[in-house]
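Chain nomenclature is as follows: A, B, C and D, assigned in order of appearance, with residue numbering initiated at 1 for each chain independently.
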Amino acid sequence: MPPTSSEPGFRDRIAASFARQAMMSTLGARLLLVEDGIVEIELPFRPELAQQHGFLHAGAIASVLDSACGYAAYTRMPVDTTVLSIEFKLNLLAPAVGERLIARARVIRAGRTITVTQADGFMRTAEVERHVATLIGTMMCVRDSGLAG
Amino acid sequence: MPPTSSEPGFRDRIAASFARQAMMSTLGARLLLVEDGIVEIELPFRPELAQQHGFLHAGAIASVLDSACGYAAYTRMPVDTTVLSIEFKLNLLAPAVGERLIARARVIRAGRTITVTQADGFMRTAEVERHVATLIGTMMCVRDSGLAG
Amino acid sequence: MPPTSSEPGFRDRIAASFARQAMMSTLGARLLLVEDGIVEIELPFRPELAQQHGFLHAGAIASVLDSACGYAAYTRMPVDTTVLSIEFKLNLLAPAVGERLIARARVIRAGRTITVTQADGFMRTAEVERHVATLIGTMMCVRDSGLAG
Amino acid sequence: MPPTSSEPGFRDRIAASFARQAMMSTLGARLLLVEDGIVEIELPFRPELAQQHGFLHAGAIASVLDSACGYAAYTRMPVDTTVLSIEFKLNLLAPAVGERLIARARVIRAGRTITVTQADGFMRTAEVERHVATLIGTMMCVRDSGLAG
């Protein structure tokens, strides 16, 4: 049976796992929101994360959208499991120019083993928000792996 | 007419563009090889680039494989153009454990506007090399953009 | 400048192109709806389109969702151009069991050359509709190709 | 433990499953080759399978490459299991013009539950063979499903 809602304590479980994702703090990303099937992450732009034209690097966008998708899936997974990305596809819709990236991920379909997720990335300034990327990712629920979170 | 070989000076052009990709030096990546239609990039593992289980984060892998694909495509593009990633798909084949990631990218098909590329990612230790990821990316040649490299 | 709306006559243009897609009549697909940036196609299930377990074959789903995406993109392209699929990714969310597949495609972002689209596939019976697939596709506007529609 | 080779009888098992894929006979596809981790399928071009410009429809290409990938994965799966496509991505490299499509699929990495595969599609005439498409697909091994093959 696919899970239909999150188990109690999922917010703490995800906050703890996010805190262990050293890549997120290296980039400077911050967990904004965790709800049942929904996660948002914010990444302030810094020149250290740019590609050759000064836009946010596609790899930084992928990092944040993939983590958001993984945790959105994880809200629906049982307590004693681990989430792993199997694959994702990122479409870049517009140059990633702005002050911060907001990644909004949601579960499209949760299954016992496989959960499909989608995240949209928006670059925001004080005035505007622009849709710059969309990612579809397949996440796997791993049991008895000996891995934590 | 699709380009069939690289223009003179492509190695210098790519090395200069790579040097402007601040994300690459933030991660600690290094350009290993640039040939006609082929680029290799190396990323030493550091705990700062890990996900929650201590493996190299999928976003770090995506960053390096995407850059390698972009530059492999760029070897076939005219001098006064710019390369942009339109989209890519990353499959994660095994936990990214090891001392360094080697990304090997090649052109699958070069067109006037669109070039399709593939990169494989290998985690290496002194003794072994393990295939951990594969990425297919679509790269676009942009003319008259006002952007450099 | 990316197009912001459809040119007059786009419905007739798309109906004519759809009628030339022999694959659509071979499968038994029918154009349901054409609006600015939106296309719907219907495919009644037949045992001739099944995979080994009797579900609708992923390739039949891909055919219809890809065509729907191509035509959704084409609503935003100039009159004297042609649309081609560059790539797409299909996620299969549930076994495709039911009486008919409804594909609903929309433009995510329209550009001068590249338009990104997404289609969802639903299997419908008299009583229920089930989300069975989602496809993200990159479409290209081709000028001066010598091709019609 | 990921499987490292095929179980005896895998050729018959795959031929029987292919024969039940009605979509393959509807298209006119034929199983050419089944080896450990490798499958080839052939599809003669017919005008009934064309898109609006007379090229082989991307959906026909996807159908054949997806089936080839599924069966390549299935060569490595245990006898009492079923294979399902979770997702695939198709890149179209050149117009699919020619007398027949040859799909060549291989396993990139076989796991207990998830197997990653890649297929290349070539359009062939008496004289030439042209690489027109590449597909990466994620296949799932399903146990105890009540489904045959």
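Convention: a residue touches a chain if its C-beta (ideal position, glycine included) is under 8 Å from a C-beta of that chain, and two chains touch if they have at least 3 such contacts.
Note that the structure is predicted; figures quoted are calculated from it, not measured.
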Farthest chain (mean CA position) relative to chain D: A
B-D or A-B, whichever has more C-beta pairs in contact: A-B
Equivalent interface positions on chain B and chain C, same or different at half: same
Approximate Å spacing (C-alpha centroids) for the pair chain B, chain C: 32
Where chain B and chain D are represented by their mean Cα positions, the distance between them in whole Å: 28
Between chain A and chain B, centroid-to-centroid distance (C-alpha), Å: 22
Shared interface positions of chain D, touching two or more other chains: 86-87, 89, 91, 116, 138
Contact set on chain D toward chain C in their complex: 17-18, 20-23, 25-27, 47-53, 57-60, 62-64, 66-67, 82, 84-92, 147-149
Chain D residues within the chain B interface of the complex: 89, 91, 93-94, 108-109, 116, 118, 131, 134, 136, 138
Chain C contact footprint on chain B (complex, rising order): 86-87, 89, 113-114, 116, 138, 140
